[in-house]
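Shared between the two complexes below is subunit A, which has subunit B as its partner in the first and subunit C in the second.
Showing the complex of A and B:
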């Protein structure tokens, strides 16, 4: 894989140009504490050293609410169009790139791949951006701290603390032909990184690795969950959980949805799908008002079981990328990594 | 169904939910074409008795005459919809069930209060069967229109049962609890409002009423752990987020 060099000014020119031909979304600060992927306005407004957005990029391929089709009073049905232009997401961190790869696997795994997902995915181009972990990140433990594929271009910023340095450069890895095309004719003119610069890139990688403060052994996760299904820990979590569901909504890989029909006064209707979460009481409620998981403790246990055991058994790896959103977003401080450490410490022989 | 016979009735309340219907300016003609209004005092003095397909009832039961009207309406209506948080859960009037209604009356009306009788505020379901609850303070216009549209097809709509936190996170707001250490009732409160208040940096007061399994203890514990006094949390919760009658339980749990 070729690694090219691009200066801050060249990056700005490129994004300015790109925003004229595609729908370009970038990480933007919303107030001091949170970030969101929002439409590109000016280069100066985007935040290249952000840690995580509230919602992951899944909102672009699997939106919180999506009209599947409209039905006119005459009975004719139509599917809403998507914009013709590509949607380029700039600044996606490795955990989120891996999150989209998991969504790709999931939404194409049925007899009929999810058409609505596929058509949004087909217009999505992903430009990655390196990052430094904060106290909630455990992507390294989940083997998602780097992305071998799943991006069209990837920008490495080996000096993220200094955004305004005049001679600042980024190193660009080309992931796909589309990435090459996106850079337009620049790919041929940008210089390749010098050996000593590649050395600096490696040093940065090592610095990044030593910056993680959270650690867990994912190989024991499924066993820990399976063995401890009757553990009192789940009841304690049930006492702490507000069932607000934001851990699921903010999860890059949670895919549960509800489908409902809406009506209008003229007799038309729409079929809509929207995000749902297994933490909600109505999620496992069925006809006759029976509920398979009436208690919060059962629901929170189900979420952990599904992500680390159920999904792993069906798809070969857990549906968790260690992005830390569930930890950061939980109002009552339920901590994914601590839950596992507690389960593992109690009953499994683990090296501390 | 081509035309639905409807009555709109108000018990003790601010009439804000009835006003929401009148505020559907762009849709009023369409509604008028689909709905035969038998009673809507706020809009017309014409009153037609007899059977109706749907009764929308706003407000809580706070007076004997509220109860008489509610029972009469229930007897006439095939479907009874509780319109707004007061009708669904008791709302502000039912805020603190420890207080003696007679003392409240005297505080507000003085000796003029002798002219009418009151009773402890309760939601409609305390006294009659309610077929559908549409909470909100006031109700969301879209959900009201959706309810009418569904009733025209002989069904009820599916309105959100998820908490305000869901709406809030989907809008990617700053969490007022986590990032600003405020008392926000979003986790206890029914969503579907697109998190109007938290989106403007105003904590949720719980005006849409409680989610079905609101967990008061956990909310109390974690806010208390952040240094908010229990009395402050209790006051916020009692405003809207607790259904009538929950007050005593909150006392038992937290004092």
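Showing the complex of A and C:
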């Protein structure tokens, strides 16, 4: 892959310009250690060294609430329009890029594509940004620590501690023609990285590799989960879990939703979908008050099973990218990786 | 690309309370254009706009084109709204969804169909399908049970077919409410009680069943005891459904979605996915 160089000043100029033609969202600080994707204001306000946003970028293609259609009293049905401008997400980390790729697969599955996802996705451009892992990241274990594709542009910041230096340079890779178009003729004039700079990029990658503190061997997970469905661990987790659903809502690949109707005063109605979470009590409840997963232990086991086994069997790979959000967000400290580690360690037959 | 969440307007041609709380509904698309192709075992999503939407099995057979028939039990908000509709009213429909019964595989074989309560609704579609295609299937046996004789659905329909199919009924309690008392004698019990002796060619018999969640494990073990091979046993399952197209996640079981991979599942699916049907606490029921 060819790697181009862009200076900090050029990057700022480019983002200033881009925000005039598209809806540009960037990682912004929103309190101590908290970040969100927010509309671009000024370059100085965005945080290029953030670790993870609270909500993953899925909200731009699969919003927490979305009107599917409005129905007038006459029966006339209309589908709300999207904003006129395309949406560019700047600063997406590899785990989240991989998360969107998983969503792409899922929302086009079974020859029954999700129209609402597809139309938002067709209008989304993704600009990636390199990162260094913290103590909750295990994307490397999930093979999601780099993004081979799934971005239009990708920026490497190999000197993230140093944001203010005037000479600061970012490395840029083009993923698609859309990326080139976004750069608006810059790509043809930006210089290519010199061999020693590529060497520095490689060193950065190695430094990043050794910075991971969490590790998980995904190859044993399916067996560990399938063979230990009756493990007392699930009951313990069921007692610890509050069924708050935060781990699912914050997960870049969790996609469950409800559909409900609302009414307006004029006799019209709307059909709306909202995020749901499989940890909620009513998730598998059907009419007649029969609940297929009445216990929290069953629901938490179902979540783990689905993400590491069920999804992989249906779609070829697990639906976890190792972003660490569920670990960071869980109010009772349930730790995705530790759960699997203990399942595998305690329960798989060990050689004597 | 098709927006699979949009509903089409359909008109109710007939709606009738056949037993208390259970409404027979016949429908066709309001704009003409005919009922889309469907297969026994599939379901449609039916909407009353402003109230909501629910999955409902087809109860008619594609061999009788022109209208779509359903039977809806009033249990909650949406089904109550449907119960309040009249002929000429419109509802929203999308579908058909789901896999349907494996008709190609079933052809040429005997069928044993087991229904508990409302479970007769999807099986009626298959019964009528088999009856309308004489020679395509072997002997068709229907074993149908309900709480009381007053709760049996489509009973005149089914008894009218006694020349073509072998139909046996059982209820837990005989109230004398229906004109069928002589059919029961003094015998009361569960539909699974009808299974012993019902299968004459176990290697050439497909079983299909639909009933309340507790019913499957008993029905499956009774069928296996009759010598039926596991791969010949099918079940129609219910789960909470919102989307019908494998997206909302509610109907997920193991690695399958009931709305696209089901609602008709084979015995082996249940074997591999313990969550699929309810099992006895701590007891391996699989033989």
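Assume the second predicted complex is superposed on the first by the 348 of 352 C-alpha atoms of A that agree within 3 Å, B and C clash if a C-alpha of one lies under 4 Å from a C-alpha of the other, contacts with A are read in each partner's own complex, and residues count from 1 in each chain.
Please note the rule applied: a residue touches a chain if its C-beta (ideal position, glycine included) is under 8 Å from a C-beta of that chain, and two chains touch if they have at least 3 such contacts.
None of these values were measured; they are calculated from a predicted model.
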Touched partner set for A:239, first subunit B, second subunit C, both or neither: first
Touched partner set for A:109, first subunit B, second subunit C, both or neither: second
Touching partner for A:309 - first (subunit B), second (subunit C), both, neither: second
Contacts of A:36 with subunit B and subunit C, given as first, second, both or neither: first
More subunit A residues in contact - subunit B or subunit C: C
Touched partner set for A:331, first subunit B, second subunit C, both or neither: first
Partner chain(s) touched by A:260 [first = subunit B, second = subunit C, both, neither]: both
Which of subunit B and subunit C A:296 touches, first, second, both or neither: first
Residues of subunit A at both interfaces, subunit B in one complex, subunit C in the other: 260, 263
Residue numbers on subunit A that touch subunit C, as the complex places them: 68-69, 71, 75, 77, 79, 106-107, 109-110, 112-116, 118, 229, 255-261, 263, 269, 271, 273, 276, 278, 283-288, 290, 292, 302, 305-306, 309-314
Subunit B-touching residues of subunit A, taken from the complex the two chains share: 30-31, 33-34, 36, 53-55, 64, 239-246, 249-250, 260, 262-267, 275, 277, 280-282, 296, 328-329, 331-333
For the subunit C and subunit A complex, residues of the former touching the latter: 1-7, 9, 47, 49-54, 75-76, 79, 90, 212-213, 238-240, 242-243, 245-250, 252, 254-257, 260, 274-275
Interface residues, subunit B side, partner subunit A - complex: 27, 30-31, 34, 145-146, 148-150, 152-153, 157-158, 161-163, 165-166, 169-170, 172-175, 177-179, 186-188, 211-213, 215, 217-219, 221-222
